[in-house]
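In the two complexes below, chain A is the common chain; its partner is chain B in one and chain C in the other.
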Partner chain A sequence: MKQFALIAMLAVIAAALPLFIGENPYITGIMISVLMMAALSSAWNILGGYAGQYSFGHAAYFGAGAYTTMILITLYNLNPIFCMAAGIVVACIIALITGSIVFRLRGHYFALASIAVAEIVRLSVLNFEFTGGAQGILLSDLSLWGLDLNSKNPFYYGMLLVLVVTLTITAWLRKSKTGFYLQAIREDQDAAASLGINISFYKNRALLISAALTSVLGSLYGLYIRFIDTSAVLDLRLSIEIILTAIIGGVGTLWGPVVGALLLVPLAEVLRSNLLGDALVKARLVSETSGMGLFLKENLAHAHVLVYGIITVLCILYLPKGIFGLFRRVK
Partner chain B sequence: MIRHLLHISHVSKHFGGNVAVSDVSFSVDEKQVFGLIGPNGAGKSTLFNCITGFFPASSGEVIFDNKKINALRPDEVCRLGMVRTWQRVKPLGSLTVLENVMIGAFSITSVTREAEAIARENLHAVGLMDYAGKLAGLLPIGLKKKLELARVLATHPKMLLLDEICGGLNPTETDIILEIIRGIRQKGATIVFIEHDMKAVTSICDRIVVLNSGEKLAEGTPEEITNNPDVIAAYLGGGHNA
Partner chain C sequence: MLFLQALLSGIMTGGVYALAGIGMSLVFGVMNISNFAHGDLMMLGMYLAYFAFTLLHIDPYLSLILIMPIAFLFGFLMEKVFISRVISHPHQNQILLTVGLGLIMSNTALLAFTSDPKILTTSYSSSAFNIPGGIYLSVPLLISFFITCGITAILSLFLLKTSTGMALRATSQNREAAQLMGINVAKMSAIAFGIGTALAATAGALIAPIYYIHPLAGHSFLLKAFTISVLGGLGSVAGAGVGGLIIGVVESMSSTYISSDWKDVVVFVLFLAILLLRPQGLFGKKGGES
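Moving on to the complex of A and B:
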């Protein structure tokens, strides 16, 4: 009950935030990214954190949502809600095919197969014609079914809603038979099976919940950016960022992925917009015209994945339960 | 009326060319405490794995409660009412003791509150109530064995298969576990018991099967077994495989 109350309280605070920030598209954009990554990572966490099945291919479900929605809207101008539902169906079909084959195996096969499936989806989308191939899909209409795509606030609230739903499902899972069974599978599959747990059934259930939520986020992302291509929504890099956010925040905890996203997304933004390089130049630590200054300007902006990597290594070494695990230890 | 709850007929298990269990047959009656003994490598644990669905038997039949269960998965076998413990204990390490036992209880209820009540009952029965909130991975071995017992009891089984539940325990701990098992028996469960410790087995079992090198060497009451020259040879050496 405590967790549900906390989710509701934070949701109300997050819902009120845009009122204080006003019309600042840059800040709103970053906040949307934080909410999206928090929700993506929380959805991944249901499968990876609770059931212990590390998916390295969640981009496939994100892309399934994004592509299904964008194709249906550009071709048939269907209601966005219907498109999202169709996206969920496509993502669940991919998940069911993957899960029903791979979850029979033990060990790391699911992790490997999830990469393979995501690559199959990416390469298929890249080579089919109806998906726009390498050109991607551009949505030129600026209003859809009464939704003003120029405004960012609807997407802020959309992402927030999916995050709240994901966290609520996670909090409910932790108190339910399914959640306990997933954790038993994570801890010891033989013990779990001997106690009456149908292992592949529960793994598939976790994968389906996770894939469906991820797909909705993909649909929202497509409508929000109004342009998608394989490098934006189906890339391995996206899958890795989802995992790193969860690991750094705290795998298998309710709030870990949210903490991870709150830290990493703004950090990535700082690196991407080269605020760090600019700060070094402004502080006169490096001259703008020197080799070092040019190097920073050219390259540091692309280094955010490297910084993620370094933080992950430090986390694994010093905070094996993630940043959220540290909070709990201090308490 | 006494009836066979478990009937094993001509069960064999090969791993490639290795014969781990060869043509073993026996029956366990309802409410019996049945001992399965034999030296290391006799095939006792492999036989347990065949019965509970972890490795399907290469040939032969396993019949439990009038159903053929050869081809069932371990979880299906458990839900039919036959549940096992592990020689090397398998606590769900990062869950609490109470949660471990709740996971057993979830096989008979889907309501969390009921599962918790069943779990507490069984923790009480094995004397682990004081440890309910502790992480299972941090318990010492004696308590982990008790946890294994509480967890399988929470599934309300008709038949318990205990794989060296006293292994690695000191005599005092062994006595405590045997006392718990006598309690379980009084409540009407049937027990099959793998054990090395002859004293533990003879003090509690109604009937015993001795395995040696995958084959059934002898079957009988504890007295018959302790006086059987073949069994003495297998255990004390003096035979071909000393």
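Moving on to the complex of A and C:
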């Protein structure tokens, strides 16, 4: 119960935040990114953290939601809620195909097959015409079914709602039969099987929940940005960022992915928008016109993936349970 | 004729893929680690060949004499500094460590060499060898194929005849038993990773005259190397050799008869089909996969 109360309390605080910040699109944008990454990583965590099945292809489910929604809206102008539901169906079909092929196997195979499936989806979307191919899909309408796409607040609350739902499901899983079965599978698959747990059924169940939530986030992302292409929603890099967020926060913990997103998204933003470079110049540590200053200005914006890489390596070597794991140990 | 042409070019490209696949399989066999940085190591090999050619004016095929020892040392040290510390960790952590190392390599390359693709043009890059009957064999591919065959033969001899090779195979078969027999398995891991890296870099250098050289080129090669080593049976060196040839031919056939846009999709579908029908691979031991 304590966890549910904590989720509710933090949700109320998060829901009230826009009232204090007011109309600041930049800050709201970053907060939406944090909520989205926290929700994506929490959804991944249901499968990766509790069932121990590391998916390296979650971009496929995100992209399935985003593409299904954008295609249905641009072609048939359907209700966004219906589009999201259709996105969930597509994501679940992809998940079922992946699961039925790989969940009989163990270890490295699920990781490898999840990448292969995600790459098949990405390349197919890139090669088909109805998906917009390499050009992607642009949504030119600014309002849909009474939803003002110019305003950021609906998306803030949308992402928050999905995050709360994901965290609630996770908290419930920790106390439910399904959750105990999943953790048993993660700890020792043979022992779990010998106790009569239907392993591939429960792995598939975790995968479907995870894929459906990820797909809803993809739908929201498409409507929010109003433009999608394969490099934004289907890239392997996205799948890896989702995992890294969970790893850095703490895999298999309720709050780890949220902590990871709170740290990583602003960090990426600082690097991407060159805030760090500007700060170094302002602090007179480097001169703007010197070679170093120019190098920082040109390259720091691209360096956030490099920083992710370094953090991952350090995290695996020194903090394999993530920041939340460390926090818990201290307590 | 079209069929024969596609078959021959497929086999030759497949030879180079096989080299990358063998490297990955060797590492997997000895260390039981899926190396997600393998593609990025290939990318480093491409850049090494490129800079050897543009700065030192060494022919890309001749530069292998330099690239192989450098890559071996690089891999050996990488294993000692990073990989060896997670050898008893859950495999997810091992995968993530290599993912992280791969990200560091590819993005450092992106910062250092920018995202502009480089092209290595030798005097014979576009020349072709004409076989009577209207079949053309690209000269750089032909040279690459023969070099690949040579390296594979030397590697097989090394694994079969030398004591280090036998120790490597013993570690691959049963790590604990090998250790009990007095084999230094930690050293074998570092050697295996060094050889794997050298093979990846060699494969990269061999295709450098044919492909665009780009910091993020490693991704697509990584997936191909995985497909090859799973097709051959994870850990089986001979299997990876055959797997490489098969993938090369499949790719070449699908770009000839379907479309070059879909050739990677065909390869990945084949990968899933293997997992569904014969997860232990063509030459793998049954039972290791479940």
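Simple rule for what comes next: the second predicted complex is superposed on the first by the 331 of 331 C-alpha atoms of A that agree within 3 Å, B and C clash if a C-alpha of one lies under 4 Å from a C-alpha of the other, contacts with A are read in each partner's own complex, and residues count from 1 in each chain.
The working rule: a residue touches a chain if its C-beta (ideal position, glycine included) is under 8 Å from a C-beta of that chain, and two chains touch if they have at least 3 such contacts.
From a predicted model like this one, the values you see are computed outputs, not experimental measurements.
Applying the stated contact rule after C-alpha superposition, one finds that A:123 touches chain C and leaves chain B untouched. In the superposed model, A:196 makes contact with chain B only, not with chain C.
When the two complexes are overlaid on their common chain A, residue A:243 makes contact with chain C while staying clear of chain B. Looking at the shared chain after the overlay, A:180 reaches chain B, while chain C stays out of its contact range. By the touch criterion defined above, A:169 lies against neither chain B nor chain C after alignment on the C-alpha atoms of chain A.
In the superposition on chain A, no contact is made by A:258 with either chain B or chain C. Measured by the number of chain A residues touched, the leading partner among chain B and chain C is C. Contact with neither chain B nor chain C is seen for A:95 once the two complexes are overlaid on the shared chain.
By the touch criterion defined above, A:305 lies against chain C but remains apart from chain B after alignment on the C-alpha atoms of chain A. In the overlay built on the shared chain, the residue A:60 is in contact with neither chain B nor chain C. Residues common to the contacts of chain A with chain B and with chain C across the two structures: none.
Every residue of chain B that touches chain A in the complex is listed here, in rising order: 52, 54, 73-76, 78-79, 83-84, 86, 90-95, 99, 102-104, 106-107, 110, 112, 115, 151-152, 155. On the chain A side of its complex with chain C, the touching residues are 48, 52, 54, 56, 101-102, 104-109, 111-113, 115-117, 119-120, 123-124, 126-127, 236, 240, 243-244, 247, 299, 302-303, 305-306, 308-313, 316-317, 320.
Within the complex, the chain C residues that touch chain A are 34, 82, 85-86, 89, 91-93, 95-97, 99-104, 107-108, 110-111, 219, 223, 226-227, 230, 234, 259, 261-262, 264-265, 268-269, 271-272, 275-276, 279, 289-290.
By the touch rule above, chain A contacts chain B in their complex via residues 175-177, 180-181, 183-184, 187-188, 190-199.
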